[in-house]
Amino acid sequence: MIIVTTPDATEAQIQHIVDRIHEWGLKTEVSRGAMRVVIGVIGSEDVIREKPIAAIPGVESVTPVLKAYKLVAHEFRQTESLVKIGGVTVGGKEVVLMSGPCSVESREQIVSIAQDVKKAGAKILRGGAFKPRTSPYSFQGMGIDGLKLLAEARAATGLPIITEVMDTKDLEAVAQYADCLQVGARNMQNFSLLKEVGRSKLPVMLKRGMSATIKDLLMSAEYILSEGNFNVILCERGIRTFETYTRNTLDLNAVPVLKKETHLPVVVDPTHGIGLREHIPAMALAAVAAGADAIMLEVHNNPELAKSDGEQALMPQEFADLVARIRRVAQAVGRE
Amino acid sequence: MIIVTTPDATEAQIQHIVDRIHEWGLKTEVSRGAMRVVIGVIGSEDVIREKPIAAIPGVESVTPVLKAYKLVAHEFRQTESLVKIGGVTVGGKEVVLMSGPCSVESREQIVSIAQDVKKAGAKILRGGAFKPRTSPYSFQGMGIDGLKLLAEARAATGLPIITEVMDTKDLEAVAQYADCLQVGARNMQNFSLLKEVGRSKLPVMLKRGMSATIKDLLMSAEYILSEGNFNVILCERGIRTFETYTRNTLDLNAVPVLKKETHLPVVVDPTHGIGLREHIPAMALAAVAAGADAIMLEVHNNPELAKSDGEQALMPQEFADLVARIRRVAQAVGRE
Amino acid sequence: MIIVTTPDATEAQIQHIVDRIHEWGLKTEVSRGAMRVVIGVIGSEDVIREKPIAAIPGVESVTPVLKAYKLVAHEFRQTESLVKIGGVTVGGKEVVLMSGPCSVESREQIVSIAQDVKKAGAKILRGGAFKPRTSPYSFQGMGIDGLKLLAEARAATGLPIITEVMDTKDLEAVAQYADCLQVGARNMQNFSLLKEVGRSKLPVMLKRGMSATIKDLLMSAEYILSEGNFNVILCERGIRTFETYTRNTLDLNAVPVLKKETHLPVVVDPTHGIGLREHIPAMALAAVAAGADAIMLEVHNNPELAKSDGEQALMPQEFADLVARIRRVAQAVGRE
Amino acid sequence: MIIVTTPDATEAQIQHIVDRIHEWGLKTEVSRGAMRVVIGVIGSEDVIREKPIAAIPGVESVTPVLKAYKLVAHEFRQTESLVKIGGVTVGGKEVVLMSGPCSVESREQIVSIAQDVKKAGAKILRGGAFKPRTSPYSFQGMGIDGLKLLAEARAATGLPIITEVMDTKDLEAVAQYADCLQVGARNMQNFSLLKEVGRSKLPVMLKRGMSATIKDLLMSAEYILSEGNFNVILCERGIRTFETYTRNTLDLNAVPVLKKETHLPVVVDPTHGIGLREHIPAMALAAVAAGADAIMLEVHNNPELAKSDGEQALMPQEFADLVARIRRVAQAVGRE
C-alpha cells in the first residue's frame, strides 16, 4: 500500500500516519519529494486494507499494491479451473453451449425446447423458475413447479440444469433440482446469498451486475470461494452504459481480462447482453473469438407468446444455425 | 401503447399484429404513413405490457404510453405522503436529519454518537448492524448484537432507529429492533426482500441502486406498496458513472424528478453520494435546496479508527456546524 | 411523430397542439385514451423535428417515428457502400488491416514500421502527424513534417495513408498528403470540421466519440454525406463507461447494429478500445467475428520509447502473429 | 510516480526499469515486498509523465503522485481568480446570472429578451450565433448576423455578451463582438481551438464535455492557461450517464471538487444539465447551495416557437421568479 500526503501535511501528521501503521504491525518506508511525502507500507495489506487511512489528517491518497481478491486470482491457482455441471465440463477446450427458455412455462414448452436445443448441440439446459422481474405485475416464474418441470426435461434429455436462485430461503428447494445454481445480475452483491451458495456443494454461475466492475465481480466470486465452494463460473451479461440502442452493452473486454485475472471459467450471455434478437448471433460469435468458455443463449419455440423476454429469444432453427457458425469460429481460435 | 412497423412489414404481418392485440382484448387504431404503419393500442396497457410484442415479425418499436408504476405515482395519490418513523414525520415541511455511524461498533460508540447527533439536531439515528461489504474479508457488522446496541442508544436518546436488512431470513430479527427498515442500494432489486418488507408493518427506506434509473427505483418501490406497505421513503445515494474523482455521482436531478413523479418522501445521502468527507457539506446543502425531505449523514466520533467508511464520516462538531448551515438553506427554500 | 398529452391537459391545450401542427403543414390523428390523448402526426417529420413541441403546454412526451438520419441509412441505399482508400477497398469481402504507429516520430521509425506491417499483411498505413493530446505538455505530433514522412513511407511501401485532421485550418495541408482523412473521437461533434471534410474529395474515417451513442455517430456521418462526400467509414474505438480496468469499453455491439442501420463500412480499433496491449488480440478477433469490415491496430517497433501510446502498441512480430489468427477467424465467418 | 512490478518480474526486468528511469535523469527508490517490487521515482514527474513506462516488460502498474495540471491548480495560485467579463466580475462574492436565449433569432427577440433578463437581475447576456447541432438539417445559427444582433442587444441594455466559438476560423469574427468566448461541451477537447482561445485576450468559458472527467476538464483549461490566457471560467453542464429521464445528469459534485482543485471560477448551467424546464429552478438553487460562482440559464420569450432548445427555456416571468429564490439561497450560503 502506498500513501501520499497532501502538500501541506505537517511533520506531526506524517509521524501520526507512520505511528498508526506501526500500531497495526506493519513497516513503513518514507520517501520525501519536493511537494509530497510518499509512505510505502510493507507487510500484509490485508491487515490494513479496511483501515480508513484516508480519514487520517494529511493523507491525500491511498493506493493498494496487492489485489483485494485472493482465492479467485490466478496467483492463487495457476491452472485453469474446470467446473463440472452434471457430466459436462466448463472451462476446458470445448466451448459449452447452455440454452433454453428464459422462463419455464409448461411441461410441453420446456421438454420440447430441451429436446430442440439438445439436438442442435447444447450441453446444458437453462430455464428460470424463480424470476427477478422489474415489475411486481409481471410473471414471477412458476417457482417449485417450474423446478419440477426442469427435472422432467432433464429426465427426457439427459441435459443437466442451470436455474436461478433469488433468495436464501429458496436455496434448499432449488438445490434439490438444479445441477448448477445461477446467481443473477441483480443479486451479484446480495452477500447473504453469496455466502449461502458458497456453502452449497453445487456449482454456481455468478452473473456480473449491471454496474459491477470486473473487480466487483471477482470480489463477489471471492465470497463464494471463501466459504469453500470453488466450483464457480463467471458470466458476462452486459453492463449499463449511456447507449440506449441496445438493451445493455455486452462487455466482451471482460472476457480476456477475466481469463487473465482468474482461474475460473467465463461464460458470455449475448441474449441479455445486447438484447436484440437479430444481433445475438454476431455477439455470440464475437464472444467465442474473445475466448469465452461457454455461451448461454435463450431459445423459445414461440417467442411471441413467451411469458418473458420473448423479444430476445432465438427460435430453435435459428439456434441450430448459429451453433454451426459458432463451431467454425471455435475451431478457428483453437477450441472445439 | 404505440407500435411502429418496419418499412418492409407486409400486410399479413400488420394484420397478425392487430389480431394478436384483439386476442388480448384490446382495440387498435391503425395509421398509415409513407414508410411505416403506426398501430395505437387502446385499453389497459397492463394487459399487454409484458407481452413480447417486439418479437412479432414486422414490429420495429413499441412505446408505452402509460407508466409501469401505479401505486407510487402522483396520479394515484395527489397529496404528498407523510411517513412516520417513531414519532418523526418525513415528508412534511421539516427537513429531517438522519444521522449516525456507518456501523455499530460498540455500546460506547453508538450511544455517544447518538447523543452527539441528537444534540446537534438529528431526529433519527442510523447505524448498520448487518453490513453489505464488497469484500468477504471486511468487517461484516455486529449482527443481532448491533441491533441490541442500537436499541440501547434509542433508549438513551429517544431517537428512532433506521437500520439495514440484507436478507429475508434476518427480517424478523431486524424488525424487532428497528423503527424503519433500510433496503440498501445493492439490494434494490432483491425482489424477494422487497416483497417481504412490503408485508412488514414498519416503514421502509429504499436506496437507489448504483445503476438504477429513476424508473427502476420507482418500480422497486412499487413492489413494496403492492404488498400493502405504503410507508416508503426513497433515497438518492449516488449512481455509478465514468467519473472517478468522487466515489459515486450524487444525482440531485433525481430529487425534483422524484418529487414530481411520486407522492413518496425523498431522502438524500450525500455521504455515500460523493464519498469525500470535505465535500459532503456542499452536497448536503445542495440537496436541501433541490427539495429533499430528509438528509442522511454519517457521523463518527473517531473516523480514523472506524470499522467502515471512516474516510467519509463527519466528526460530531463538523456535523453540528453543517446543521446550522442546512437550517439556513432550508429556510431560504421555505422549509424548516 | 407521436405526441402524448399529460393527464391534466385541457381541451384548449390539445386543440392548440393540433393547431400548431396544422400550421406547420401536417395532418394529425387524435386518439383518446382513459388518461391521456395521443396525437399522431402524419406527413414529413423533417418539417417538425426541430420544433420544440415539448415546450407546448399539455405535452408529456414526443416520440419520433422516423429516423433523423437519412443519407447514411440503409433505407436510403440498400447495398453496402465500398470505400476506396488508394487502391484498397473497404467494405467488401476482405477484412482490411490498417496499421502503423500512433505518432510519426522519424523517417526511420515510420518507414521501418510501414515495411513491417505491409509484410505482415496490412493494406493501409496509419500514423498521426497532428495529435490530439489530453495534456498541453505532451508531444503534439510532428505536424507537416510528419505528413511528409508518411508520404515517404507510402513511396517506400505502396501502402495508402490514413492520418488525422484536427482542425479546419489544417485540412488543406493534410489533404495534400493523406489518402484518407481521419476525424478523431474528440472531434466527432466538431461540426465545422465535419462540414469541411464533407466538401473534400478524400474518403473520411469518422471515429465514434467516447460518449457518443450509435445514433450520434450516424448523425455526425450524416453531416459529411450531406455535404456530398459519401466515402465515409465509421470506426468503433471504445466508449467511456464506469469500468476502469480497461482504458475504454470497446463496444462491439455497435458493429452488428451499424451494419444493419447503415450502408457505410465499419472499422474497429481494438488498440484504443481496450487499451491494454496483451488483450488487443482477443478483441481484434472478436471484432472480426462480430462483422467488422476492417481492423485498425497500432504497431510500434520500440514501444517503450514511443512518444505516445507505447503501452498499447503491438510489436511487429506480435502483429504478424495476430494477422494469422485474424485470417482464420475471418475465414470462419465467411470473410477473407 | 510509483511503479509496481508484476509478481513474475525478473531481476533483469527490474534493473531495466530502474536504468530507464536513470537515463531520463531521475532517481529511484526500490522497496521489495513479498510478491511485488515497488519502485518510487523521485524528481520532476513531468519528465516522465509521457513515457510509456507501462510498456516496459515487468511493469504491472504506474501511479502518478503529482497532478498533471499545474497552472489551473490551487497549488499554483492560492487565491481565487476573479474573471472580468465587460464590467462584471465572476468568482467574487456575488453569484452572477448569465442569461438569454439558446440562439439569436432576430433583433426583436434578442433585444427583448436582453431587456427582460436584465430587469430580472441577469448581469451577462448569453446567445448563440454559431450553433453546434447534432443534425445537419437543424438550424445552425445566424452566424455573423447573429453576432451583430448581440452587439445591438448589448448597446440597448449594457449587458456584456458571452457567445460560442466553434472553430478556429471563426475566432477573429466572434472576438470582434463577444465580451467572453464560450467553448462548448462538444469542443472541450478540440485542442486547436483551445490553443487559439488561449492566445486571445478575451475571457473564456469552457464547458465540460459530456463524458469528460473533472480532470479532463482541468487539463483542457490548462491548454488555455498555458497559452497565456488566465481568464478562464469552468462550466458544469451535465454529463452523460445511463439515466434517460433527464437529458443529461447535472453533476453538482463537480462544483465543490473544482472549487478545491482550481482557482478558476465555476459556473453551472442547469438548463442543459437537466434539460427539463420544470426542474431547472430546483437545480439552479442546488447549484448555488453547492457553491457555484455563476448560474447560466436559458430564457426565451416564446419557447414553443424557439428555433432551438425551446423545451428547456424559461419564460421571462419564470426567470424573474427564480432570481428571487436564487437570491435567498445565495444569502443563506453567505453569497450575494
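A, B, C and D are the chain letters, set down in written order, and residue numbers restart from 1 in every chain.
By definition in this document, contacts are C-beta pairs under 8 Å (C-beta built on N, C-alpha and C of every residue); 3 or more make two chains touch, one makes a residue touch a chain.
From a predicted model like this one, the values you see are computed outputs, not experimental measurements.
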Does A-D or A-B have the larger number of C-beta pairs in contact?
A-B
Most remote chain relative to chain C, going by C-alpha centroids?
B
Between chain A and chain D, what is the gap in Å from one C-alpha centre to the other?
38
Could you put a whole-Å number on the gap between the CA centroids of chain A and chain B?
25
Any chance you could list the residues of chain C touching two or more other chains?
211, 240-242, 244
Across the complex, what residues on chain B touch chain D?
211, 213-215, 239, 241-246, 249-257, 260, 273-274, 276, 278-279, 282-283, 285-291, 325, 328-329, 331-333
Where on chain D is chain A touching in the complex?
2, 4, 7, 29, 31, 33-36, 38, 40, 42, 44, 63, 65-66, 75, 211, 240-242, 244
Applying the document's contact rule, which stretches of chain B touch chain A when the two form their complex?
20, 46, 49-56, 68, 132-140, 166-170, 186-187, 189-193, 195, 209-211, 216, 219, 222-223, 226-227, 239-240, 277, 303-311, 313
